[in-house]
Each structure stands twice: as C-alpha cells, then as structure tokens.
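Next up, some structures in structure tokens.
In the two complexes below, chain A is the common chain; its partner is chain B in one and chain C in the other.
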Partner chain A sequence: MSSSYDRGTVESFGRWQEFSAGMWAWVLHKFTGWILIGYLFTHIAVLSTATQSPEMYTDTLQGLEELVIVRFLEIGLLAVAVFHILNGVRLLMVDLGIGLGSQDKSFYASLVLTAVIALASIPTFLGGVF
Partner chain B sequence: MAEHYSSFQRGTWRWLFQRLTAVFLVGALGFHFVLLHFVNHAAEISFMGTQARMDQIGYFSLMVVFLVTAAFHGINGVYNALINQGLKGTQRRVVAGVLTLAGVLLVGQGTYVALHMNGFL
Partner chain C sequence: MSTQVTEQTETETEEQTEEQSPGERRREKKEQLQREREQEKSDLLDEAEETVELKIFRYDPEVPEKEEPRFDSFEVPFFEGMTVLDALIYARDTYDSSLTFRHSCRQAVCGSDALFINGKQRLGCKTQMVDLEWPIRIEPLPHQEVVKDLVVDMEHFYEQMHAVEPYFDPDELPDGEREEQRQTPENREKVKLSTRCIWCGACMSSCNVAAGDNQYLGPAAINKAYRFAMDEREGTDRKEDRLRIIEQEHGVWRCQTQFSCTEVCPKDIPLTEHIQELKREAVKSNLKFW
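This part shows the complex of A and B:
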C-alpha cells in the first residue's frame, strides 16, 4: 500500500500533551536514530587511531574507558540502541500488518524492556571504574 | 485503531532498503553490543584482541557489511526525516548530495580502519 498520512499533529510539538503512543514512538524512533548515526561517525573517528599505531589505539580506548562519564554514556547508548531495535522490530511488524490493533501496547512494552535491559547492564558497564 | 506513523512513503526503493537493512541490523547491532561489552569488556580491549577478531574472515566481513548497512540505514533515515520536515527542490538535491558524500567517506574511512585492524595495511 502506498499512501501518505496527515502528520500535522505529530509535527506540532507544542501539542505534545495530546500525542498518542504511536506519535511518541515516531518521535523517539527519530530521536534515537539521530543519536545512533551521530555516534557511528564518532565511533569510526575514535577507531581510526588504529591507523596510527597499535599503541595509540589501545591507549585511546583504555583511556576513554577509565572515564566515569564514558561508562554512563555507554549505558545511555545501550538504552538508545535497545529502544531503536525493539521499536524497529515493532515497526517491521506494523509494516507487515501484524499486531496493528496492539501497536500502542507494543510501544509501551518496548519502553519497559529497554529500561529493564539498561538497568540490568549497569553493573557490567560500571565494573572497575570506581 | 491507532494510526501508523512513518517518515517513509511506502513502496519506494528507499523504503524497502530501509526495512531490509533494519532486519540485518537488529541482529548485527545486538551481536556487536553483546560481544564487545558483555563477552569482552570494553575496558579490556586492546589492538591485539581487535586484530585477533578481525583476522577471521567471517568476522571481518560481518563488520564491513555492518558498517555499510548501518551507514545506509542511518543516512537514509536522516534524509527521510528532513524530507518529512518539508525539504524539497534544490535544497533536497543538495542535502542528498552532502549526505551521500558523508556516507561514502564514512564507509571508506571505516573500511580503511578495518584493513589496518586485520593487518592488511
């Protein structure tokens, strides 16, 4: 099916209190997508130290990992990636016409599962930094 | 029933490839995160460990395909988000050119890095 939707309400962010679950899913999917593509450029830039010398690569990565802020940012990145993946699977299902009637519930499930996975990852990400 | 909101016009080739790359990326991104944060801890990563993984042709190929699909998916997503905000005409063509160039440079630099990691360069 090829059709366009009137997204006027979605793009009127001043009316955010009237947003439905589907609109929030749309906004959060874009927000997390922008973060992930921005991170990809940063990631390749940091990994490019491998082109200089093995020592520079190892020192840069291990040096970054010694910073507490980096560990917290990694937890945030995991949360962003997990939500984008879960909501992305939800979007694929919606595109295939599966579970259309409960797409709002699957959005809430994506949020809850993201929170659970991010919280459960905290001990792993913060291990050894303090 | 709640409406379905999407930035993409269905049925276009960019819509189709966004979905196809998404299916691959669900697995690849999950694998990447688990391997480099939970199986191997990021704080213990060294060039030797990276080289040992990248020496395996299967892993190396997966990482390069991961880079290409992630770059396409991300840049195509940004392009659609901008179109969705009303980008059109000359501005749209200029943005398409800039984003394509950024994607090519990203994949080029990433591949160059990968070849250093596996010792080819």
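This part shows the complex of A and C:
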C-alpha cells in the first residue's frame, strides 16, 4: 500500500449527467448569481451616462434598445433574475428547515415558473423590434 | 443464489477429503472435485435465464499489469433477488480471485461495501440488480484514494468522524450507581434517524464541498454531532462545546445544501436537514437574545 491512485477532482464535473436536482439547483444558482453580478457593472455603466447629460442618457438607452440582440439579452436577464429569486426563496425555506423533503420539487417548480414568466415577457421585450 | 451453492460444494470437498487418506488419491479426488465445481459453475451460467455484464474498476499499484487503472468485464448469471454484492462475489469466486472489495454482513449494517454503482454511491448488498441499468458499472467511491480495485482509503473519513467526539458524554451522572439515564420518547424520536449511520462513507464521497475542502467535517460527522448535540441528557454545557466544534470554519457552514448526501444515504438519514438544524442552533447559541 505504498502508493494509491488518486482520481483527482476532474470527475466531479465530468459526471454532470449524473447530477441530481439539488446539485443542478446549486450550479444554476451560482451561475445566475455571477451573471447578475456581471450585469450589475453594465447596468451602472449605462446609468452613469446620465452624469454627462440627459440627452446622452436618452441616446444611449434608445441606441441600445434599437439592437435586436439587446432585446433578446433582456429576456435572458429576466429569466436569470427570476430563477435566482425563486431559487433564493427555495434556499431560504431550506435554511429554515421547511419542506426539505420536497426540495427537488420546489427546484422543478422554480424552473417551470421561470420559463413561464420568461415566455410571457416576450411580447413586451420584442414588441416593435421586427 | 450463487454464493450458497459454492458454500455447499466447499463442505462436500471437506467430507470427501477426510474419507480418502493416501495423499495421491486425495489430490486426484480434489482435482476431480475442482473440475466438477467448475463444471457446476458453468452450468449455473447456462442455467440462468439471463446474464449480466459487470464492468468493474481494476487497479493495483503492486501489480505491474494493473498499475494503469482499467475496467474489466465479467459475465455473471442473474437470479431473482440478486444484489450487486452477490454478483461481485460470484465474479470473484468464479473468474478472478484477486478482485478486491470490502464486504461483511451482507445486510446493510456493517457499512463495508459502499461502492460507486452506475454513477451513484450505493451499498452493494442493498442494491438489487433489477433496479439498475445493465451493464452495471462498479467503481470505488469517488473522492477517496483507491488502495486496490474497489477498496478505498477510509482513514480520512474516520478522522473526521472522530473529530466531533462521537460518544455520549453527559454533564452530570445520575446519583445512584446503577441508575439509568432515561431519555424522553420525544427526544429519542428526534435523534432516531441520526443514530442509523453505519459509517459507510457514501455521503462524504458524494459531497462536492468535501471533495474540494479536505478539512470539511462532512455530512456523516456532522450527523454524528447532531445525534449527541440534540440528546437532552447531555446537558447545556456539553451542547455548547459540541456546537463550538461544528460551527468552525470547516464545519456546518461549508454545507451548501446540494442534497447529494441525503440523496445517496443508504439508511435514508435526512443529512441536509440535520446540518441545517445545527446551523440554526449554532446561530441561536451565539446570539442569545433571550
């Protein structure tokens, strides 16, 4: 038993197909959290154009809203934010020890709700673009 | 079952050899019996309506041919009620006696045969072959060092278990020398599930956080701490001590509620629930507004 074979940590991500609900919830929560932090910076950058002049702020926003890609990104952002909120509520329940037996169902529910809300927002976000 | 049949033939062998006294005849008889046994085994393989393919992880640093980890395939007859451990035992007894794995009680009590079966930590003796997708892939527990084939090094797991002082230690003993230390039925119910732990290490192996943080106590050890911290007979001072152990940097706060441990626990212990409750207890004992 002089040496032993260490399979390393790579396998953790290599086995993503075998992840369970709780694991996916954790991965998605981290992922959406980082996206929201990234968005925060662009958000501040856009808003800070108002410090130059009101016209510049209006121009920047109108210029952005004219781009189709921005409209699609907005739907994505909404989906990310909604999932992060709903899963945050789920995690709050987990921390309070409420309904831990159905944590997987609440994860699926938050996924479905996110999809419904994102789909419902499409007319609003894409209106007048095409 | 395959294992029972082998046991029978073994006793037969002993009886036969006792009758034959001269060495040569005995060896001859033994060889014949050996042939019969092998014949019987292949009959068993023919008899079985179905056979299962096992893909088993092989590795042995002391054998040059096995230094490079690989998967070996074994064909095993399937019988109703067969567990993964039965299949492993058949493969070892029939094909390769060097196939190494831990097992003892065969009834999910000793906690020796936690294995990574078809991508999930399960007890070999508790997992029915019919419940799995065939062929069956059997590997040693992930995130633990492999010693040989399916045997992993459990030393670190045991260290973490001992770190939470897993023994009953009340503040005061009863007056009478032989007086019992009684527990209320309600309190017993509270710790009941946590007492089921068989130290198999499946939860620790499934935990992503434990994989990345070697100092993290892990689900099993925290569950052990829960079992005693929640025991009302120990008293408040001891509970404070216990909470101090588990609330340290690599204690309960490392848990990120991925529920992997709860998912794989062969004894169905709600591990995440216990960890979360200890988190709340730790906060409460630190705040003490009331």
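Keep in mind that, in the parts below, the second predicted complex is superposed on the first by the 119 of 130 C-alpha atoms of A that agree within 3 Å, B and C clash if a C-alpha of one lies under 4 Å from a C-alpha of the other, contacts with A are read in each partner's own complex, and residues count from 1 in each chain.
One rule holds for everything that comes next: a residue touches a chain if its C-beta (ideal position, glycine included) is under 8 Å from a C-beta of that chain, and two chains touch if they have at least 3 such contacts.
Keep in mind that this is a model prediction, so the values were computed, not measured.
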First (chain B), second (chain C), both or neither touched by A:V89: first
Which of chain B and chain C A:E18 touches, first, second, both or neither: second
Touching partner for A:W26 - first (chain B), second (chain C), both, neither: both
First, second, both or neither for A:Y57, with chain B first and chain C second: first
Which superposed partner A:Q103 touches (first chain B, second chain C, both, neither): both
Partner chain in contact with A:A81 - chain B first, chain C second, else both or neither: first
Chain A residues touched - chain C or chain B, whichever exceeds: B
Footprint overlap on chain A, where chain B in one structure and chain C in the other make contact: 1-5, 7, 11, 20-23, 25-26, 91, 94-95, 100-101, 103-104
Complex contacts: residues of chain A adjacent to chain C: 1-7, 9, 11-12, 15, 17-18, 20-23, 25-26, 91, 94-97, 100-101, 103-104
Chain A partner contacts - residues on chain C that touch it in the complex: 59, 61-62, 69, 119-120, 142-143, 145-148, 153, 208, 211-212, 256-260, 262-263, 270, 272-273, 276-277, 279-280
Parts of chain B lying in touch with chain A, wherever the complex brings them together: 1-7, 9-11, 19, 22-23, 25-26, 29-30, 33, 37-38, 41-48, 50-51, 67, 70-71, 74-75, 77-78, 81, 84-85, 102, 106, 109-110, 112-113, 116-117, 121
Complex contact set, residues of chain A against chain B: 1-5, 7, 10-11, 20-23, 25-26, 30, 33-34, 36-37, 40-41, 44, 47-48, 50-51, 54-55, 57-58, 61-62, 65-66, 74, 78, 81, 85, 88-89, 91-92, 94-95, 100-101, 103-104, 121, 124-125, 127-129
